[in-house]
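Mind having a look at this structure? Questions to follow.
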Amino acid sequence: MEIALIIGRFQPFHKGHLHGIKYVYEKHNKFIIGIGSALVSHTLKNPFTAGERLKMIFLGLDEAGIPRENYYVVPIPDTEVHTTWVSLVKTLVPEFHVVYSNDPLTKRLFKEAGYKVSPIPLHKRKIYSGEEFRKRVLLNGNWRELVQESVANYLVEANLLQRIIDLSKTDKPHKKNNVLDMV
Amino acid sequence: MEIALIIGRFQPFHKGHLHGIKYVYEKHNKFIIGIGSALVSHTLKNPFTAGERLKMIFLGLDEAGIPRENYYVVPIPDTEVHTTWVSLVKTLVPEFHVVYSNDPLTKRLFKEAGYKVSPIPLHKRKIYSGEEFRKRVLLNGNWRELVQESVANYLVEANLLQRIIDLSKTDKPHKKNNVLDMV
Amino acid sequence: MEIALIIGRFQPFHKGHLHGIKYVYEKHNKFIIGIGSALVSHTLKNPFTAGERLKMIFLGLDEAGIPRENYYVVPIPDTEVHTTWVSLVKTLVPEFHVVYSNDPLTKRLFKEAGYKVSPIPLHKRKIYSGEEFRKRVLLNGNWRELVQESVANYLVEANLLQRIIDLSKTDKPHKKNNVLDMV
Amino acid sequence: MEIALIIGRFQPFHKGHLHGIKYVYEKHNKFIIGIGSALVSHTLKNPFTAGERLKMIFLGLDEAGIPRENYYVVPIPDTEVHTTWVSLVKTLVPEFHVVYSNDPLTKRLFKEAGYKVSPIPLHKRKIYSGEEFRKRVLLNGNWRELVQESVANYLVEANLLQRIIDLSKTDKPHKKNNVLDMV
Amino acid sequence: MEIALIIGRFQPFHKGHLHGIKYVYEKHNKFIIGIGSALVSHTLKNPFTAGERLKMIFLGLDEAGIPRENYYVVPIPDTEVHTTWVSLVKTLVPEFHVVYSNDPLTKRLFKEAGYKVSPIPLHKRKIYSGEEFRKRVLLNGNWRELVQESVANYLVEANLLQRIIDLSKTDKPHKKNNVLDMV
Amino acid sequence: MEIALIIGRFQPFHKGHLHGIKYVYEKHNKFIIGIGSALVSHTLKNPFTAGERLKMIFLGLDEAGIPRENYYVVPIPDTEVHTTWVSLVKTLVPEFHVVYSNDPLTKRLFKEAGYKVSPIPLHKRKIYSGEEFRKRVLLNGNWRELVQESVANYLVEANLLQRIIDLSKTDKPHKKNNVLDMV
């Protein structure tokens, strides 16, 4: 059976991600989740650390009943040189055979490296997105419905939403706090 | 007495910075000035090198009569990984106990590292700002009134304003020289 | 005779570049071409690798009849610290005496390092540009007329235009594929 | 219950590591394994990639009957600056409270960061060591008895021992292949 | 008057350094001290951080009665590329005209960059050295006589000698703690 | 016809290198020379910059009558992560099909990346080596016979041997200048 690699940033791990992972799980049984931009955190677009995202992914997949025996989760830093990134991924994760991603650069780089690359079917893409989640946190909207219960509880207990709010502030006199920076 | 750490980019060192430092000096007596983004220079937003900014700070504080026995000035490079930045600061400067900053990211990072973080009172923030200074240099406005006399003299003698002018030029056919890049 | 250094990104190597190089060749006879941002590739603005650009330059100069004995071509990575970049260039290429560039930062950095810097005369700058080339590829326009025949053939044989098309796609629901990202 | 962090290089994952992990598992129940020097591989002292080591650890702990629900495994790159390393670890792994390590630098760095640090009890340290393993591979000794069966099988199936042998060769005329480089 | 740049690692700041600085101070009046390998710490050869070394230098020069108006102290990181290091130094410190150093690489690099480079007269070089200091700390020798009183007191109050002792330990079964690693 | 890639450090370009290149030239006609460790210079083992080595290679191959139409010369930096190095090479040079190297790590890395790797026949390996060259420079031996005439002349005219001599000095009181550091 071919082992699948799924790449995402998971800022945070939301129901759209879960939906895509279930699709891959059914087709491949064994898979690896690569947490992209692992060392980027504390920005409006990437508020959470790799450790926090790894935690959310395990909580979410546990809640969804996907056994830990069937997957690995590995943080993957960015590289400054795009063309070396695939080889960095290959150094950090165990063997895989096919790649699932919707990101044009990720897809192109793996294709050039000789991998079969497939898209992940999107589920309610307009609301199940990290961007929508972060916007709702800032605008006091219903962010809870975008993530699983265990993930929501973790975000509250670890007080991680306050980080998004803190980072949205600005000290520029001519600039209002602006959710647009988050996109 | 608690030693204060003040973080800024000082592009250039202007009267707003001096005002804030005086406030901290009165409260703490001893303080450390960290020159942020120390290795960034030669951009419209960050025209001056760390060495040039360090020189301006000492000139300005000498002019203001703050004795050198009461503070250190240390250039602090950025880190690619936000969460390692506080530990880089701690490696580069002597011991400090409280942090003064108005930058949301700086404040959040030091708070997560367990430090007490206070804002610096802003003084005529709309005119005493690096952005306003650089704009006035490009538009031939009165930039002199934004900095102390010793700093102004240094900028002229070292011919540093020409750097801002040179960097504002562009070779793009569809793009006029634009002060907006500076923000 | 003074040896000239010409710096460009060559994304791709187009007729405007050739025109500028011929101008320098006539004045200096011997010259070095530095391929700037050598490690940046696989972006809309910088689609080609250093190796691909080096190949295009040799193809183009061969076609133009400039003998290989008269020049070197050397990829030059960017540096994070602007002020160290000139010394990196000096490490990577053989001795040179004057610099040709139209980029404001490149010009300023070499000037501060004591070099004589001259502009490269632009030829039909509005159409002979990498930006125009990449736009025409995406909009199915006449990109062929912007490059030499040997370069055009190489781009087709190596199937490199598809990379620009692939990278122009997006998985953002609210964002159409947009040639503006390319600028 | 306090969560433990165990740091090692696991080149390869041997019975000494398993012994230490069992000790921590009994005391803490929940633990995180950080694969140190994650990006170092293909040297005599560090032959295996992070992905290969992660695979070995899961194989070994599965064989030992430690449930995957009780631990995470996360690759941890080195930092050039020692004093930023602990904050990198904290970014990459979920929350932990105590640290287990026998490495003097690791212990000192975590102690300075305020963590409780304990040694891992060594078990037959002279034979259960990565160094001894690599020596036996090169000298055709009994390396199998140093690792668990599942790990040994993986090393053979993935043909990873040949890498150690290949890397032990030298093209220096005055230098014999030398197992001492491995230490 | 020409401003002098003095480069050293100051691990720690000892009487030999003070002797050399006094010599430069008498000749130049104004000088800059660059703390080399600023980001290297927590090794046997380089135990102290840049912040700790900066503190020691100010303590020592205060004790020696050299007014702070006459010098700057600036931490200087290493560069991976030797030939870019001088330009990094120039970015980090205010203007200087001559360089004092005994290190062959430092001397050669500044000479190639066109600077006048002079040696620093050594004073009791065999005992006034960082290596001798660290050896005495480990062997319980008289390390106090190698540094000024204010420096010695700081080292004791900040409990920094324990770091050298901790780092000298080893977990290698075949290796005794060895002061030779320190050289 | 398959294009060959030859990797070496060329410190300096000596007759052994020329011999190997001639062998590859006869078999492949077209080849690429990658200058390894391109950014390492100013050490006893790696005294020359990439630009200087590139110059020597062209001088030597011109002297040997190998037409420039048949090869490219490209500097290749090291990577911190061994497993990303092959992809960096592929980014920097035009297409190649087989690799020639005697270095065990280079050979292994290209083999794992799926390339056919062949050794370069050694010619009088004990005297035609960079190490022997540098030793003879320091010991005032006959270094001229190890390199081609054009290379020897360049080394003298550019005064590059003095760099090796300067770097061999030491300021350590207990250490004599020692050619062994060069190996």
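Order of writing sets the labels: A, B, C, D, E and F. Residues in every chain begin at 1.
By our rule, contacts are C-beta pairs under 8 Å (C-beta built on N, C-alpha and C of every residue); 3 or more make two chains touch, one makes a residue touch a chain.
Given the structure is predicted, the values throughout are model-derived calculations rather than measurements.
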item	value
Shortest contact path, chain C to chain D, counted in steps	2
Pair exhibiting more inter-chain C-beta contacts, B-E or D-F	B-E
Matching chain pair for B-C (criterion: over half of the contact pairs shared, by residue number), options A-F, D-F or C-E	D-F
Intercentroid distance (Cα basis), chain F paired with chain E, Å	35
Centre-of-Cα separation between chain D and chain A, whole angstrom	28
Chain A residues counted as touching two or more neighbouring chains	39, 41, 49, 81, 83, 88, 90-91
Chains grouped in pairs wherever the two touch, ordered by label	A-B, A-C, A-D, A-F, B-C, B-D, B-E, C-E, C-F, D-E, D-F, E-F
Residues of chain A touching chain D in the complex	38-39, 41, 49-52, 54-55, 58, 62, 68-69, 72-75, 77, 88, 90-95, 158
Sites on chain A touched by chain F in the complex	79, 81, 83-84, 86-88, 90-91
Complex interface listing, chain C residues touching chain A	39-43, 49, 163, 166-171, 173-174
Touching residues (chain side chain C, partner chain B) in the complex	80-83, 102-105, 107-109, 111, 122, 125-126, 129
